[in-house]
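Which chain is which? They are A, B, C and D, in the order written, and residues in each are numbered from 1.
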Amino acid sequence: MTSSFDPVFRTSILVRFGDCDPAGIVFYPRYFEMFNNLVEDWCAVGLEHSFRALHMEQGLGLPTVHIETDFVAASELGETLCAELQVRKFGATSITLGIRLLGPDGADRVRCTLVLVLLDLHKRSAVSLPEALRTRIARFCVTQ
Amino acid sequence: MTSSFDPVFRTSILVRFGDCDPAGIVFYPRYFEMFNNLVEDWCAVGLEHSFRALHMEQGLGLPTVHIETDFVAASELGETLCAELQVRKFGATSITLGIRLLGPDGADRVRCTLVLVLLDLHKRSAVSLPEALRTRIARFCVTQ
Amino acid sequence: MTSSFDPVFRTSILVRFGDCDPAGIVFYPRYFEMFNNLVEDWCAVGLEHSFRALHMEQGLGLPTVHIETDFVAASELGETLCAELQVRKFGATSITLGIRLLGPDGADRVRCTLVLVLLDLHKRSAVSLPEALRTRIARFCVTQ
Amino acid sequence: MTSSFDPVFRTSILVRFGDCDPAGIVFYPRYFEMFNNLVEDWCAVGLEHSFRALHMEQGLGLPTVHIETDFVAASELGETLCAELQVRKFGATSITLGIRLLGPDGADRVRCTLVLVLLDLHKRSAVSLPEALRTRIARFCVTQ
């Protein structure tokens, strides 16, 4: 890892027609779909572990066990939001993520803290994060 | 079967906030979720075969292979629609359903023809409708 | 208000096929749609203010500004959950709700605290809860 | 228009966790959200008319009035589909689109014919396609 590695995982999100409610702004449950897509992309690209491989091949899941969200300002149809994901901390079996969605002006729209647990889908019990995965997760940890 | 059996399966559907788009009317992909819920209820109640039992216990699915839909008039937030389902025909492995959603005034909002196939989820191939299921399906067949 | 008034607003929620992910359990963003439906029903039935009337006639909205959720245990396809909503507190312009989803065995599946704000949709600013609404909200307030 | 203009509008679609059902394949109502996103992108990029401008500034909508879809083969979590959109024909107020989703092997997954109508959202009546829009639509018309 060189010093130039950016510990923030970023994507952009277009606010689509199907995301918006009769007030013309994002219907808040859609934000959680956006968060799940962001985590999915981070796993695939940032951690090199696709949800498909986790679920289908390894019998593992990464369910969300806790979530706290502040909806700071509304997002409108057609806006492109900047999504940022960082690792706040991680333990034996869990990962705490910080997510921010920013408007085109750079101001916060949504701030979220999300706790994921690595789960054996058959036993329905938490499993330890493998060492290779921990190393990759650590690269996105801000307090490291 | 007595003469009093109604071959039309009916439910009511409330148009919810999360179903509506910035124009304040149902976002059309939500109608297909309503159709799937209707088919799910018909299976559970009308055919006495829950999706859970089909999928989890019997390894069967009932995927939609063809759908034709006319969106006749828009449906607004807060309206209660009447949903009607009938069997148009059924063959060895497939069922053709006719679905109508009616507004509070009884006029058509959406009309749909939908073809389902009974599928072995592991082999990913069509399987014959069991005799017990055929008997129940026949009760909802208008041309019977 | 007689002493028999139940300050807990309750509905039941069927876990549908379209709510579930490849692991056969509820995809967590769907829980927030369930919460929004619950709040919608509570407004219409418990507070006698439909979302339709609020949005379409009064130009008001009731957006969620903060949410905290614990996903205690997974919910499976075909289960019927019991949803409970209570008012924890309310201020000049905001309402804090406590929501619980219980499994068929009565154990917690999801626990949620949710803060709503009454909003003028045109001005995009908070407005005071009208007195008539405050009286109805107070009936569901556990600490009253 | 030079001879090099491609009359097929193309995007790629990643099959996400939230798109998939308990059988691990795309839940069919999600395909219609994909179609709507595709039409939204085609309008913005291909026709230079964003849904936002149409709805918010011009008071116009482009609702789907008819849809016919064949679900040829299932799509699995993690696959990247190729989406293709063409104009089949267009009249005074309506546009008929042909949409195909192709799997990574280039074989058809979903084929769809979709009829859109340009609508005045306030009057709720069809309006003529403006000349500038007709010229752009014509570029994507295969039978031109």
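Following the convention adopted for this analysis, a residue touches a chain if its C-beta (ideal position, glycine included) is under 8 Å from a C-beta of that chain, and two chains touch if they have at least 3 such contacts.
The UniProt protein names, listed by chain, are A, B, C, D = Acyl-CoA thioesterase.
Because the structure is a prediction, the values reported are computed rather than measured.
Its interface matching that of C-D in over half of the contact pairs by residue number, A-B stands out among B-C, B-D or A-B.
In terms of C-beta pairs in contact, the better-connected of the chain pairs A-C and A-D is A-C. Averaged Cα coordinates give chain A (Acyl-CoA thioesterase) a centre that lies 25 Å from the centre of chain C (Acyl-CoA thioesterase).
For this pair, chain A (Acyl-CoA thioesterase) with chain B (Acyl-CoA thioesterase), the centres built from the Cα atoms lie 35 Å apart.
Each chain gets a centre from the mean of its Cα atoms; for chain A (Acyl-CoA thioesterase) and chain D (Acyl-CoA thioesterase), those two points are 29 Å apart.
Counting partner chains per residue, chain A (Acyl-CoA thioesterase) shows two or more touched chains at residues 17-18, 22-24, 27, 29, 33, 36, 55-56, 77. Across the complex, chain D (Acyl-CoA thioesterase) meets chain C (Acyl-CoA thioesterase) through its residues 17-18, 20-24, 27, 29, 77. Those residues of chain B (Acyl-CoA thioesterase) that touch chain C (Acyl-CoA thioesterase) in the shared complex are 16-18, 24, 33, 36-37, 40, 50-53, 55-56, 76-78.
Of all residues in chain D (Acyl-CoA thioesterase), those touching chain B (Acyl-CoA thioesterase) in their complex are 22-23, 25, 27-30, 32-33, 35-36, 55-56, 61, 63-71, 74, 121, 124.
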